[in-house]
């Protein structure tokens, strides 16, 4: 989360604080603002923070918060387009579907980053990642293989990589 | 309008319940049972029993599916021949189930008029305990003995599960819960969701004192998160002989019993609380119980030891 | 307004309930599981509608629990897998 | 003002109902397992999203409004992962019998 990702140990401290504060915020959302509940909220947020650090160690790389936000802000709009797309196909009497699986080669290395990208893909209109082939290309199930799916995915990938701090230098 | 909603709910529940029985494939039956659990949660919500609805959402949505589908996977090698029980046994089981069902229906359909209720008595004495959720007050103050025995039963159940292990493996690790095929999606979920789940689980426990929620709901959510981590292979099931683990299993019931015994000296008798201190004592017992429930449920799904203990 | 929201909750119940046909038809366990997923999302929608319409914020926690555990049934599906091939040969 | 907010609620919640309808129709009509998964994830997630959006002005306080948004976010995460898990399961042959 921190801007200086060079030294992971130094970056980890503000990252941990940010996580702790986010969990505390979530606690506040769950239970309401009454300060008395902090008795349980502080240890709960600390425990959640510890679990999160164990399962998801601080990244050694820089994240661009603004670019990540740009990806997240697009989600509701994408969700709308995706839903309209499905609704149009489902409700039309002719049911226009040309389903098929497209292989999409991604530069995102396997691991958490790619898994996050796949989760994002599954929320995009008309695409659903269903696995990977032997060469590590993503297999994307599409409602309509005639659409320029790979082009659209490449655009999304570029946006996503700007968020994880790798977009600018490839 | 509300009659129509009730009819729809009854129809859906009956569909799911009948299909659970009729489905030929065991896994199909489990899926129908999961659906039934979700529907029951909605029914409890409709009946304004929010505590029960929460329990059903947590147990039905999280735990039942895991327990039963794991059982399916374990049963397959045992029943590979696929022989159905004989006709006579089938008929006998059917008749017995029908009798039990009819008795239950008779009891439920013929309540005395007006239905007996202790609700006004509970409402009249709420202030003595200092909590605002009547369900928690009943569970941990007026009927504390039932609640205590319920938790002890859980411990006994776990001992029963553990006892299935061959002598050689006693104290060892349960079989891994790892998914048959590793999945990046599962790993992603298991890295992101558990911290949020831990927070929500604790919230359900803490909130249970004054609002719907409580130990069982929170404990189940915590157990589900732990199981998710184990299934994604981010952590192995612990050795069943580990002392720390066994302490966690025992801490809830033990604290409950200790508080109960202390009642002899400090209040009117077993499981009665000293006046003025009911709330903090109940909250402490709830926290310890939630911890124990989470660990016990997780260990029950993990199953008996399947490996020799490490040297 | 509350009337409208309660009616909306009833409609969501009917719509997701219709999805149970998928549980009956299958043909595969994956298809049947979709009925459960649909009911999870629909149940969450029903709970938020009822919570706001009836001014019962406690009901929001039901939606929260359903949402948190939404993926669990699908996760559990992978548990039953080692036997899936054997299963096919059996019938 | 309150009338305008009520109108907003009615429009958004009705939109949500429409997408639940579309999702169910897709789940029942679409020809194969993977295609049906699209209907499930996309239409229903949007349906819930619109209902949450519509309910925001009706919330008694800001905390419950934020809780609604948290519920929506959790459903998005659950939908994104559950659909992939079911898809992987179906593709491995777990779907067929």
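For reference, chains read A, B, C and D in written order, and residue numbers begin at 1 within each chain.
Going forward, a contact is a pair of C-beta atoms (placed from the backbone, for glycine too) under 8 Å apart; a residue touches a chain by one contact, two chains touch by 3 or more.
Model, not experiment: these values are computed from the prediction.
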{"item": "Chain occupying the middle, per Cα centroid", "value": "C"}
{"item": "Averaged-CA centre spacing for the pair chain C and chain A, given as whole angstrom", "value": "23"}
{"item": "Intercentroid distance (Cα basis), chain C paired with chain B, Å", "value": "19"}
{"item": "Inter-centroid spacing, chain D versus chain C (mean Cα positions, whole Å)", "value": "11"}
{"item": "Gap in Å, rounded to a whole number, between the CA centres of chain D and chain B", "value": "28"}
{"item": "Contacts with two or more other chains, residues of chain B listed in rising order", "value": "25, 181, 183, 185-186, 188-189, 192-193, 196, 200, 207"}
{"item": "For chain D, residues contacting two or more additional chains", "value": "21, 23, 37, 45, 47, 67, 70, 74, 77, 79, 81, 83-85, 88, 90, 92, 97"}
{"item": "Where chain C touches two or more other chains, by residue", "value": "29, 33, 35, 40, 64, 68-71, 73, 75, 77-78, 81, 87, 91"}
{"item": "Each pair of chains that touches, named by its two labels", "value": "A-B, A-D, B-C, B-D, C-D"}
{"item": "Interfacial residue positions of chain D with respect to chain C in the complex", "value": "6, 9-10, 13-14, 16-17, 20-21, 23-24, 27-28, 33, 36-37, 40, 44-45, 47-48, 51-52, 55, 58-60, 64, 67-68, 70-71, 74-75, 77-79, 81-83, 85-86, 89-90, 92-97"}
{"item": "Touching residues (chain side chain B, partner chain A) in the complex", "value": "184-185, 187-188, 190-192, 194-196, 198-200, 202-203, 206-207, 229, 234"}
{"item": "Chain B residues within the chain C interface of the complex", "value": "1, 4-5, 8-9, 11-12, 15-16, 19, 24-25, 27-28, 30-32, 34-35, 38-39, 41-42, 45, 48, 50, 53-54, 57-58, 61-62, 65-66, 69-70, 72-73, 76-77, 80, 82, 177, 179-181, 183, 186, 189, 193, 196-197, 200, 204, 207, 211-213, 217, 221, 224, 228, 231"}
{"item": "List of chain A residues in touch with chain D within their complex", "value": "26, 28-30, 32-33, 75-76, 79-80, 82-83, 85-87, 89-91, 95, 97, 99, 118-120, 122-123, 125-126, 128-131, 141, 143"}
{"item": "Contact set on chain A toward chain B in their complex", "value": "23, 26-27, 30-31, 37, 40, 44-45, 47-49, 51-52, 55-56, 110-112, 114-116, 118-119"}
